[in-house]
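Both complexes shown next keep subunit A, but they swap its partner, so subunit B is in the first and subunit C is in the second.
Right, the complex of A and B next:
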């Protein structure tokens, strides 16, 4: 139960007081904050409409002349709302958050290369190291940069495939087939995506540097 | 509840605006009824402060005397008093962040501290204090203008705009300035976002808007999505040290190319050249070429600047702005073709080349029907009315421009809140101890996009604790980093076991502490009184000027109506008033104004009679015809 900063009545944890409409700084999970069904597949249009509707009611701009405690509740409620929206809107963030909700949080220190990516990762890192060591503005450096640029396309294609795979598994999860299997699959896909993201960032940075040199 | 006013605290000019009959209007002020108050603050050796046009006259420069001699005038800095322009460039900077060329322009006190301090005579001023003088001038100017229109309203609550790309320290410094000026800063709003409100673009059903804001000292690009009155910023990018000033500097270097170095760095010479450069740049918006003249002692520089040459000088800076645009559009996950409207903001967008390039980049003609110098203040007034609950469903959802994180093992920056995240937003992070019986955890908060902590900007350091002595890893403290709607960070900590709130003593890496602000506020009270004195003096001087002017005019027209004895008496009082008017004794001025009024009353009555007679005669003549 939480006390409303405006009317003082005790309320269930919500973002808006059902009695007086004041914002409530309740700690809520992302789905509850936005009033969305707890499912991995999400109607993004409905999500955005819900977000805008709640923002209109909760945003600190609506309470600029209110008492300090109401202003503070508005600030915290809006922070919860925006964070929830951001998490649910992005499929990768949503998937990671889901794992957290079911107590299967993906370890942040997971440095193991996903097996299906091992070969690709090894080659790209080899080339990046080569680029780093090659004398700037040499033919060798340019040759390597061209190879890495080509790899960039391959990485992006793998990333796109992983994202499609992720959405597919969201659908399966919501149909409640084999939960245990799906959790493992979800974790595998999400750690591949995390790995690919880092790699693509490294590649982009190396290419940017070689362009600048 | 009093109105909330919108203030554009600009690098070059500042403005104040408010809603009137449902539309935003800038408030014209001062003797010449101008909306733009130059963001220039002159501080005399005795500490007297002047803001705006009159401060510009006190800038060190060279002037040609009546006899043709060129002499140096103005406050040259340090013990001679100083004139500070573009103070916004120094907001939120630490002493160690001052560029060498700035040191040639101003005298600074102690450059090792967390805040830049200008040294003027025996006194020091922080950028927030200087900006507070500009805010105070706007407040008083607006109040005077309102009073002249029969409205006794006070300016107390304001929205102040800041560049979207301002970091936490720069925002905090701006808020401090408001507080020092005795204003309640209800909200800081990003300039490009404010500008998007001014065009009333919410009347369109939906669309993506790019706001290109190229001012005197800063550049911002913001990409917004507008849907049913919700203005949602998708991405922002910019450079807080890129503006028209940079182009002026290149012109100055070209103007002074043949002048020996020590003379080039002379504050009088440099400023005279800068004034000539600025003028020439503005003229070239309308003409293809223009002469530029700088008078030096015993020598004058006479050159010709063409628009082509100016554009070549501006090109590198413009290229940097366009690069930022590309990044912002990509961050918004859009392409330039997805942009439905482009809004131009800032004086530098008057350059034809800027307009052409922006049009080419976004494949459409930018909107420019609203004066680019006024649009931000107008938008701030619209946002002020949103905050007063007078704009229905309209709502601004802005973003934080730079990522926020903490320093972790090995000096790596760990991002907790990513740039372009909608604000307000918060993130909670768990902390624990690394060794047994550790009683404090040190946390270093950073802002920036680089990998290593040392390459990011230090925001603050704080100590969590005291923590009960326990084995390593046992204490669990949850720290919440919350960025409010102003884009400013708030931190609080909670012990997860006891649920007890920890006090967090955040020591900002740059900027002023609360104690320092308190002390400055006390000083400001004195300055406020001085300000009142000065205002009274000015109003008495104006009265004197008015009566003397009227008398001269009447004597010219109706001189024969005055006898010699009367005339001598009038001349005597008028002469004494002339002398008193230049001085600072306002009581004396007031007394003489009254005296002059008295001695001229019979004369004024006779004039009235004569005027009526003349009018009647004229009327009868007309009647006859």
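Right, the complex of A and C next:
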């Protein structure tokens, strides 16, 4: 419980006092900040509405003539709100945040790259190196660029499948079937997504460069 | 963030980049990754029957510090016995390359790559020994 410094009301930690409407700079987890249930499956429409409503109510402009303490609270509450909204809106960020909440770090005991994914990374990176080394504006360079562009599509399909896996994992979390297994699975999916993201970033850069050349 | 001179030096002139043929019996391959940034590192060690590391190759796809860490490690392990190489701590790499706190995980990755490569070599050696013993029954099956 916290106490509103403006009207003295004691209440659950929130970003805004329900009695007097003052901003509260209480440290909050992302779900509490937005008044969303602590679940991995999220009603994105409700999240967005909640975010806009709270942004309006907490906007620092509304407290421009208030006491310094209140102005400061509105700034901090707005920062917490924005950070929480961005975290919850993106499924990958939400999943990573969930791991943090349950005290699991993605990197902990998780250095092993799934062999098929490692294989893919090395194969694609070889292609990118070949593309980089091919003489500019040659048939070989164009052929390689076309291969890499096709590969980009395959990588996106793999990424989309991983993201679908992630959503499925969220549904299971909310049914609380087997937390230990779900944690392992969540870490595996988020790791795959991280490796794919980096790979796709490198592919996009290489394609960008080949266009510029 | 500024990289140290040593990181830049290894990044610009990486030592021992490349691969050994995977099926060479005296080669151990370690592939490790950092899921927080998506970096992937492959370290291969060519190890003699006496357990001494004769040669090393690496391929790392990641930031400058990850590349420099693996490049440095290939130099560090050459000529060492695997019992010694397996005790190499990431702090040695951090010190040599002046890695800042946010890049310490790159050195941990390189340390783990050494361990993974040695473990792979040991496993392959054991498998190889087992399969030579079973060679007769196996060739019958085939």
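Please note the rule applied: the second predicted complex is superposed on the first by the 190 of 213 C-alpha atoms of A that agree within 3 Å, B and C clash if a C-alpha of one lies under 4 Å from a C-alpha of the other, contacts with A are read in each partner's own complex, and residues count from 1 in each chain.
Methods note: a contact is a pair of C-beta atoms (placed from the backbone, for glycine too) under 8 Å apart; a residue touches a chain by one contact, two chains touch by 3 or more.
All of these numbers come straight from a predicted model, not from anything done at the bench.
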item: Subunit B versus subunit C as contact partner of A:97, first or second or both or neither; value: neither
item: Contacts of A:121 with subunit B and subunit C, given as first, second, both or neither; value: second
item: Which of subunit B and subunit C A:173 touches, first, second, both or neither; value: neither
item: Contacts of A:31 with subunit B and subunit C, given as first, second, both or neither; value: neither
item: Contacts of A:113 with subunit B and subunit C, given as first, second, both or neither; value: second
item: Doubly contacted subunit A residues - partners subunit C and subunit B; value: none
item: Subunit A-facing residues of subunit B, complex; value: 1, 4, 186-187, 227-228, 230, 386-389, 393, 395-397, 421-427, 482-485
item: Of all residues in subunit C, those that touch subunit A in their complex; value: 31-40, 42, 59, 61-62, 105, 109, 112, 116
item: Partner subunit B, residues of subunit A touching it in the complex; value: 52, 55-56, 59-62, 64-65, 75-76, 78-80, 82-83, 85-86
item: Subunit C partner contacts - residues on subunit A that touch it in the complex; value: 106-107, 110-113, 115, 118, 121-122, 125, 187, 190-191, 194-199, 202
